[in-house]
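There are structures below to look over.
In the two assemblies presented below, chain A is common to both, partnered first by chain B and then by chain C.
Up next, the complex of A and B:
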């Protein structure tokens, strides 16, 4: 077993004067819960297809480290390559700590960023015993998270410029970092966030992120999460969200890197008329393992959800999808659509899909669909008959498959970056000319 | 409450019509289970040593197992020590050779159920191996089947006449250790049906067994084994109904099908056991393991089921598609009303190249019932060109019921093509309104729509079964309108 004693590291990390009583007790609760559950094992139904052994045995050190100037410097180089230009509202986290390189003004037009120290009701109802029990990794995150960043947007404010959150995993030794973000969107307000996970670290590292979101009445949040690690990195995360009356959440997930990636999404459509959509695309090639687990709860009347994931599985890659939709007894008029489509392009790839519906009322419209297969031979033939060579044709069809999802990303820079990254993995893309 | 709601709730409250008990002296083993009981059952049935040991092995393994809890059903825990594991009609020694010799009380039971055994057998050309509680007492058309070389008899008879086949195939599809209920069944199975179709034979008639649970407190542990040798064909029908009892009765059957090269087995079930009363009291616990093994190339196994009864159904008829080009099919209608709970579905395991499977599942929930589809399609790396199509639809009637879908797809071959679709909805007001304004009663409308909903499955049933199934659905469901 591990030579790193999590409890000792935890005790040491709490041994600091500036930790408030509220966060001390929350983190204690989380640690107690994690000690009870431990790392989830494959015996657990939700972890049947994903084995955390490489993370457990990876000995990733979660102890807090201050950012040094070298890391700051390196980070600024990384940011140069980032999706959005320097004019964007930007927050940079290096190994979970807020970097001074951030270019964001701390107060802007009703949007405020702070370190959450005291209890904050609408966020704190999202976490606690139940969450920690259902998601042991979120408990671990809470116990070790050094800085819970609180992003709040006041009532009736629309911010069109996307807020860019950059998480950089850097450092020389194998580190576990636990970024934690809490977002509270005021009534009738609008915000777009691009959450970007990158790493220039050639060493294996583990990022275990938690994002908690509360959306008040009529608010709109678009959140695009973009993950492009080198293939040695591990990534696990939970996004939990609660939506009020007629609030809307649009989520986009793009997973291109990482060795083992597990994304959990838990959305509660808690009040009438709330709506959410999740669009995801991932590449699992060269032994990558990408797992998306979503849980959408329809708890109130006339709530709608739309979910669609597309996976491209290449050599020794493995894609996992579990999408669960629960329609509770009071959720009359709920509408839930879910689809998971997968391209299996390699002899040694594997795809495991579990779309689930749990429905407790009758006035609903729910459907889900799953497909697994290789490229459509007729389409391939069509392209070849038009004089396109087979390799290029395959590349084009594969790209088109992913592009269906990419088209739904409403931030052009993110869409373009995702498109060129996916195309970059496909053969012959340099011959596509101005297609992208 | 709207008037039509009331009308329909009255209809829903309709009592189970087949509830009665036949008085026949039962030879009972005292309740409880230990190795001695297993030995006693084996001894009473005069089984060879290998089978006694096989049972004991299963029993010992069962002791180490835990009852599964993953299914989406709730029930009070079963006390396995309060069940009597063996019941046989007493007059076994002078067992009847023909229907005329059958105990009149038994025949009366069938009559009450609307199954005139001899008539049905003669008119429909069906051979009936009627299992009354645990021991077969009447087998018909034996001679005709004998001419074709088909073996169709009770399991205990087969143990005596064809021990080599039993030893070779028993447990080869559902091993003793397969799951909790299969292990229990393997230890204490009482009787069941055995079918062997020799090479190249097309069974001249449809084979049918009517099961009936009679004695209170006797769990029934059927064991069915069907072997279709190379190039043979058989269609097997299974139908069930049970008398009304307030105590839950456990039924843990195991069905094993083996299809060798070019063979085809069609297995149809209409299950209408006592579902409990409208408050969810009583009813049968139906925990069944059914699995078919397409062992040879080009073989085919087709499961068709209509599940309307039982308080709890836990049943996943599955196919192991081992042979090249083999085909697995699963067609199911599962209806749950009042407080019934059904967790049913299938597993298709594709091992051979070019194997194909089709899954059509129709779930209907009414009242306070919970109905779940649970399925798995697994494509192994060897299954080049495998193909699966799955469709599972759920219909909800009333706002207190639940319909759930838990399908899993695991593909490890790039040439495989898998499609899965599921929908859940209620009968729309538009549909209801359309039929109502054309003068149909609400009840007829619902029946019509539900029958249409299930048509894809019904048309896979043998004709006489399809008629019975449709009538059964109408009775079970009448009036539950949301």
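Up next, the complex of A and C:
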């Protein structure tokens, strides 16, 4: 068995003429930082419940691969399955590389999509030493991501159709894929993004994604992210975002597949009146391990955050949730609400959910709560009294538990798809996907 | 045993948390009949209804219930429903996240599976439900709303009747489906109940008020008190109860 030497692969990947000086220096910095920290270990407080060993020992090859035509063709079939409307605005990434053939359209009024080669100030302040130290996996992503995709929306533009970012993991060898996306939303502009992670790959693979977002004054971004891998995939990601004056970010996280998943979210409500919401749903059944770690910083007055995560934990499933909220000294009038509710379907499942509040000012409204529960017997009886058998009724209620969060997704086709996927993923007899 | 009965309750004793609620209750219901059960608060009316539907928190300590050809007490709640029993809940349960359409489709399909019929498709479903929703004055967006969530009291009750109309039970047990309704809503509910009356079907109406019984005329009226049916009569009994209350029945019972 060959052992992959990350440094060698890294050096080889830098040995190309078309890489700009700015990008070269950032990637070098990232690699140096990663070499110092290495993979996060369980000794670190934020990694207590999640062991990256299967990824570290998985021999996933991070060397970039050009897309071949077969993959492009295969991708268009996968896309059919992932979104309903063939006219949907979309960027397609095959193994982390932008597939220009499957992208539609290239340019839209005020919206531009490009490869980030030079430094781009509003994004670059989000990354650097500190980020690499706090998130070693993000450092690794930066070191190995070849073509960072930059999505910018000019000032004062509202785009109503959602932009789909479809990440397809396809290939035969175990690969490490490091997609990196940067988003800059102009003042008073609005955009909706749907980020899909899918794979038709039965082989294990690892996707390690980074999304960096800067939102200018009064902008609104809705970002719904779906992960629907088969159960052999590994997924880690960081979403980092900075919000300006009265900007608003609505995040939706849906994790259905994957063997080991770790999502990090770091939001800085940097200027007065900035607001964010995170609504998350995950399914950890059949030995899946799903970990959501969020950090929301209230750095300015009158900033608000609302977070609700719901986990369904089944047979040998493991859920982890840590939601940290920091209210800084300047954040008078901040409002932070957080809840984590979990449904344990099996005694062989496990959930570790922990809210954490750090407050450095008096004038705040904060609440948080964590529940771990079972199905409601009154509701169960009501359904059975209508002739629905107990297992189906349980499936319906389990689905409902997730669906109350899914109902907040503001793109109807995405909401419907998420609902039917969840219904279809429920264990055995509880599966009633055909009903929707 | 009288084989012409649809439902035959004999000497039913029920306890909850070691408290005796029903204490030797008897009731026979034949096809085509409508029985009203009245009685003071806390006399055990809802307990009876829930026991019929199979709620397991109520413990049947003795007695028997025959429904059609089955020993009702040996059936699971869903089996009872598929056999043709329907309970209209006094307090319909809110189920956030389950759309009315999901519930109705799942319920219809469960019944169809028993009869070896195909699952209902979207077109057929809409065809089935459209007129019934109009009859119950339920707006069309209702199908995409969560079951009973945020419904007014009246909407919940009309929803119970809509479910009944969709499932076409042979025996409907309606627990205070009239309480909390204004005059117009009461008429709507009464129309729903009357729509389903037929020589093959029977209804047990649990109610406090005479006003529903003017719109849905009962064949028999019973008074449930202290865990038993202490008095039975025809629709005039309901009128008397409405005028005089329950005290005279209580006194009469205690004399015995």
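Criterion: the second predicted complex is superposed on the first by the 417 of 436 C-alpha atoms of A that agree within 3 Å, B and C clash if a C-alpha of one lies under 4 Å from a C-alpha of the other, contacts with A are read in each partner's own complex, and residues count from 1 in each chain.
Simple rule for what comes next: a contact is a pair of C-beta atoms (placed from the backbone, for glycine too) under 8 Å apart; a residue touches a chain by one contact, two chains touch by 3 or more.
None of the values given here were measured: they were computed from a predicted structure.
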| item | value |
| --- | --- |
| Partner chain in contact with A:399 - chain B first, chain C second, else both or neither | second |
| Residue contacts with chain A in the superposition, chain B compared against chain C | B |
| Which of chain B and chain C A:365 touches, first, second, both or neither | first |
| First, second, both or neither for A:407, with chain B first and chain C second | second |
| Chain B versus chain C as contact partner of A:346, first or second or both or neither | first |
| Which of chain B and chain C A:390 touches, first, second, both or neither | second |
| Chain B versus chain C as contact partner of A:381, first or second or both or neither | second |
| Overlap of the chain B and chain C footprints on chain A, listed as residue numbers | none |
| Contact set on chain A toward chain B in their complex | 45, 329, 332, 342, 344-374 |
| Interface residues, chain A side, partner chain C - complex | 378-379, 381-390, 392-393, 396-397, 399-404, 407, 432, 434-436 |
| Of chain B, residues touching chain A in the complex | 70, 72, 379, 381, 394, 396-426, 482 |
| Contacting residues of chain C [partner chain A, same complex] | 53-55, 76-78, 80-82, 86-87, 89, 92-93, 95-98, 102-103, 105-107, 109-111, 119, 146-147, 163, 167 |
